[in-house]
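See below for the structure under consideration.
We just call them A, B, C and D in the order they show up, numbering each chain from 1.
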Amino acid sequence: MGRGGRLAIIGALFAVAVGLVVFTVMAFLRSSPPTVDFTAGHQAGAPVDLTLQTVGSIGTGIHPSWVSYLTQTPGGQWVHTTLWDLPAHTRINVTVHQYDGGSPLRNQQYGQVTGTIGDDAILNGKSFTVINANNGNGVAHTFAIPTLGISVPLYANNGNGNLCAVAPCPTNSPHNIVRFSFMTPGPGQYPWQCFLPCGLGYLYGNGGPMQTIGYMDGFLKVVA
Amino acid sequence: MTTEPVAGSEFIAHEAPTLRETSEEIEYEMRSAEGAMWTGGRLVIGIGAFFFGSLAFAYFYLRSSNNEDLWRPNHITAPTGIGAAVFAFVVASALLYGYGTTRLRAGNTLDWEVTGWVTVLGGFTALGLQVWEFTQLSFFPGSSGYASCFIAWGVMNTALILGGLYWLETLLARWLRLRRAVLDDGGPARSTMPVARLFRANLEGCWYFWGFIAFVNLVFWVLFYVI
Amino acid sequence: MAIDTRESVSAEHSGHTAPPVRPTRRRPGWLGPHLGRALVGAVGGYAFGHWIGNVIGSGYINVQGSGQNDVAIVLGLSIGVVGWLAGAGMLDYPLAKIAGREPLPPAPSKSWTRYLGPALDHKVIGLQYTVVVLLFFFTGGLLAMAIRTELLNPTSHVFGPGTYISVVSEHGTIMMMMASSIVIGPLGNWLVPLMIGSRRMAFPRVESFSLWIFAAGYLVILAALPLGGFPTGWTGYAPLQTQATGGMDAYLVGFAVIGIGMICAGFNLLATIINYRAPGMTWSRVPIFVWSVLATAALLTLATPTLVAAGLFGVLDRTAQTAFFVNEHGGSSYLWENLFWFFGHPEVYIMALPGFGIVAEIFPVFTRKPLFGYRIAAAGMIGVALLSFFVWQHHIFQSGINPDMRPLFMLTTELISIPTGFIFLNTMGTLWKAKIRYEVPMLFALAMGFNFLIGGISGVFLSDVPVNVTVHGSFFVLAHFHYTIMGGLVFAFFGGLYYWLPKMTGKMMDRRLGKWHFWAMFIFFNLTFLPLFLVGLLGQPRRVFEYAQNLQTLNDVSSVSAFFLGASFLIFVFNFVKSIFLEPKPAPPNPWNSLGLEWQTPTPVPAYNFARIPVVLADPYHYGTSDGQAVADLGPRTLSLAGVVAPAAGALDAQAVTGEEGSADPRPPIA
Amino acid sequence: MNGGGETHHFRRLGVIWAVLAVAFDLVYYFAIGPHVPPGTLTSTASGAQFDFNILFLVAFPVMAAVWVYWAYALIVWRGSKSDLAEPEGGPKSRGHLGIQVGWIATTTVIVLGVFVFGTVELIVPAGAGGGEGPSPIWTPTSHEVLPIQVIGQQWQFTYRYPTFGGFESRQLMVPAGTTIAFHVTSLDVIHSFWAYQLGVKADANPSVDNVAYTTTKQPGAFTVRCGELCGLWHGAMYNFGKVVPKAQFFVWAQSTEHRSAANTKNLPPFAYTYVPDANGANGGYYPDNVDPYSKVETYGATSPGK
């Protein structure tokens, strides 16, 4: 084989190798759940309704046994994501359909409702400020935005009930409805997460879904 | 009489021979190779020492930390009978092999062969017992610091004995192929054939390594079963 | 055709009939061991291991809860590595040995394809190492630019935080793995036999094994990304390690695999340097680079087993559910920190010493002066290697472990700066009244001195416990070790590459492009990392995706410079491709007019390095004298002239052999 | 100019170096030093600033010595110069006993000096704000020490005030002019409590009480960041604290104690360490029958081993 041919083979092999590496790296870097847009057509001053549900196991995808939040788009579709575009300085009315069973909190500090408008939240129509997670059904998850001081515990369903195991859950499954409101700050990206160790099968219950965007963690992407 | 082959022929067997090795050059490289065997044999022990030293460190660190009083609740112990058997087989094998090596130095080839293969057998028995012990544990791996260290010890000791067995077995197998030629050249203890010289260097390294295996087994037998 | 005839040789001598020699049947080339077969073996091994892991582990409670089977991942990766090694032909001889067979010589080849398969020639392995190391380096470099992209803005994000942490961890781990071998692998393997006047390595199969397992480590650590990444950084602190998702297994297996490669590489180099020095190559004549390799190899061989053991504990915690690092079950989160840094600090010097060696080797050549303080340089390297085992707790000053031991570790850490500082004594002394030629290798060596001074002095700040309270875990540390590893080792490596590539490839690198590469790399390296000292002092912790608004300017300067720094390597790649492949300019055997023994060989260096075993007459640093003394006698008629080998004629005659030309080799087999 | 003249080179080098070193050190000490992080909000912060400055004042002349020499050599002995003499080899160029001994002696003296200084500065200010483990041997002289417990969890620090009924807060308020003992612990993985302007850093390990002392001076604001990689939101694990006048602190503490009383009684009793269950909600990592297992994941769960 001539020198040119050899060079061509080396070059081609090298290009393929580099291509594979770059492809692997970029495929990983770019993977991200979709973002639900709540700003399109939003009128200044009008509150935004944000409807979520928490499910005990997502049932599909690469991690079917993980717990997760789901988001309802303004069009009424349930999407498996935790990223939202929200308008700045706007009242957000959050409704969470909580379908999961519960347990005590790792730190009962997060049994308090903080940072919401009125410093309370409404569980199935009743206002509350503290849940003792060591009693009753316990807490299933919390919705917390640490940098804004917001934290709301989501009361659990009775674990002996016939809990929903698919996502999105049918509304006839046992569930609690938690409502609360908060004001978005200025533009920026604000992380939110759950503080209940709900990553089943992980040390301290804080692995897996607890450390993956799209499951128990997400961003409020507040835009001007 | 000097019709030595091309320098570095193992790398360039396709090239036409150009130069011949002088007997001095052959002797020089021979001594280097013997020295490398010697160095390598000792280095393997050094590597093993740091490897098992890490386990010993973990053992004593967790023991002295005794977090949540869970170093060793109720003084749990792995099956002492199996442990003692593993220890006995390993030490007996090493001693036997050492005896065989001294016999070989004295020129008695058969003794070395017999003790060598018996050592292989003993080593495999120890290996089997060590693995079987995993199925006989009365504790869960994550239930205490002791349990954790013991699981790691089982894995590491399996690897160690396997390594020693591999070394010994390859030595014995090589010997079977060299046997006749070396015996005709004055025997393994005196033959000046290169293969025989390297064989001796290798043999000594292997015997040191078995001594190391026995030592490690002694130390950890005391740590896990006695105290 | 090389046929192994050792057995028949003995038989002939003894007058017996030779046992029938098994004819060596060679498979067609594409079936033989090579890169492609290794890849197939890796994929097949992974699939097989994964299947076994699923059989074993699918019933475990944590596997059922999380849907993540670490047993399957660990077994998949481990058996994948074994498959890779088998495909590369690394297991052929070890398996044949069980049956007592002697080694088969490798397929004869002068074709370039010998670079794609197993090799016994240390020069082939050295070049293979060069390619793999550069692959590591450029992958890690791309990830570094991803990190700097994310840090362009304090609050809005290009990547998700999970992705970002994985990128940071992947960058750190890949670079640390790379840096452990960047000099030892390519230059150490290629040069050490030539420098000590040997025709071979002591254990070329072990050497080749270290290369292939090192390459396997690359695939394993890259596999961490599709397995979900890992969140711990290169330090892998437990119990976060125990908690993490599947990518963590790739970290643990990958580091163990690389660790085995490091042990093998160091083992072979140690045995070679100690035993294969040419007659007359006394310890006081050994080139300083070989001293640095010796010290590094000792660290590689002895410190790395601790990493492998720690990795084993980590794997057991994640698969067999032991509790080494879980406080609540009788383990200790401090245990990993201790074990890891007990390896990790010698590792730091594994990444510094070879750089010193290269610089001390380059300085005399381009100043035309002897190396100043040769003995002290060698002693310094050994001193650093010894002391480096006693400093590890300075990484965990604020952790609450042994707080009363902090003054002791502060002392050992600061003491180690004394032998480390010898490199400045050597280089400064060598510069005195010199005649400095500003060739590309010299520029890199000078830059290494500049950068390492900043890195080394900032290290003293870090070792001071009260100051450490502020700077520990901040970008100050990050800037410090990038100055020592990137500014020190990587600069030295590229200097060494420009210096030795003419010998390694037989082609001259383009001088002008080399200078462009140097200046771009030097300026943008400093612009990237100097601001980060300030960023760290001003309170930015490492590995964060959000930082204070007021630090954006400094971060942006660093980020933009980082992109230019990355681009500077394109000049190198372009120079390399142009000078080696496209417009090759043949290099003279000794283009720099160096006295080093490696430069006295013809270019290209023959497979056997030296036609005759050289007799070394002097150290390679007697520049500036007019006595015209040769470094070595390359064609000695008898070695005994050098008074090194007593003639052993009788013994040798007794075993002399007649046989076909080139077919019988009474010299020792390669074990 | 290259032949002979060794003293000539030495003299020139010495003068350039001395001028540079003294000038820079003076500028640094008076203009830059007082602004060096982490500031002067607490005793340990000013201690860290002082130590950093002293080290810098020592380090700069050392660096300058090397750089001045290099720059001088690179210019004066550059090979392109036409009148440059050929370098001399021989034993004189291979080493010089006086220079080598002098070098080693000088670096040793500097290093030992730095070590003694660092040790004094570590021991006298009671650990200099670093984590001292569960039983500190260097403790503050003050008898009035305010204990504050720092609890790290993925991914937020919370703070307990045992002297105020053990209430727990996500806000860190600290009184001015007070010696404080931070008891740092974690409920899961390793974190590091880095109160930047306070000059305090201590790792938070699960079921370990890591103590760090500092004494606040004037009121001011500070940032707390996590200094040890702890997972996904490590970068977002920060909060802002305040040093406030004592009276204001008492008002805040008492009102917060009162306000959070309803939840404080749900918390586990105050302790220096807690034993979080290694499993999460609804079982998990270790099988249910493996001790210590508790159905209660709350951080105060008592271990059956005790």
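Everything below uses one rule, namely that a contact is a pair of C-beta atoms (placed from the backbone, for glycine too) under 8 Å apart; a residue touches a chain by one contact, two chains touch by 3 or more.
Just so you know, these numbers come straight off a predicted model, no measurement behind them.
Comparing the chain pairs B-C and A-D, the larger number of C-beta pairs in contact belongs to B-C. Among the remaining chains, B is positioned farthest from chain A, on the basis of C-alpha centroids. Chain C has its Cα centroid 27 Å from the Cα centroid of chain B. Separating the CA-averaged centres of chain A and chain D is a span of 35 Å. Per-chain CA centroids place chain A at a distance of 43 Å from chain C. Distance between chain centres (mean CA atoms), chain A to chain B: 55 Å. Residues of chain C in contact with two or more other chains: 61-62, 65, 161-162, 231, 239, 243-244, 321, 323, 326-329, 334. The residues of chain D that reach two or more other chains are 188-189, 207, 231-233, 236, 275-276, 278, 283-287, 290, 292, 303, listed in rising order.
Residue positions of chain A touching 2 or more other chains, listed in rising order: 191, 199-204, 206, 211-213, 217.
Taken as a contact graph, with one node per protein chain and an edge wherever two chains touch, the assembly fits none of the named shapes, being neither a line, a ring, a star nor a complete graph.
Looking at which chains touch one another, you get A-C, A-D, B-C, B-D, C-D. Taken together, the chain D residues at the contact with chain B in this complex read 207, 275, 286-287, 289-292, 303, 305-306. The residues of chain C lying in touch with chain B in their complex are 1-2, 6-7, 10-11, 13-16, 19, 97-102, 105, 108-110, 120-121, 198-200, 202-203, 263, 267, 270-272, 274-276, 279, 301-303, 305-306, 308-310, 312-313, 316-317, 320-324, 326-332, 334-335, 338-339, 342, 606-613, 638-640, 644-645, 647-649, 651-659, 661-671. The touching residues of chain D, counted against chain A in their complex, run 151, 153-156, 158, 168, 170, 187-189, 231-233, 236-237, 239, 260, 262-263, 266-268, 276, 278-285, 296-299. Those residues of chain A lying in contact with chain D across their complex are 101-109, 111-112, 114, 129-130, 132-134, 146-147, 149, 159, 191, 193, 195-206, 210-213, 217.
On chain C, the positions that touch chain A within their shared complex are 61-68, 112, 135, 139, 142-143, 146, 155-157, 159-163, 166-167, 222, 225-226, 229, 231, 239, 242-245, 326, 581.
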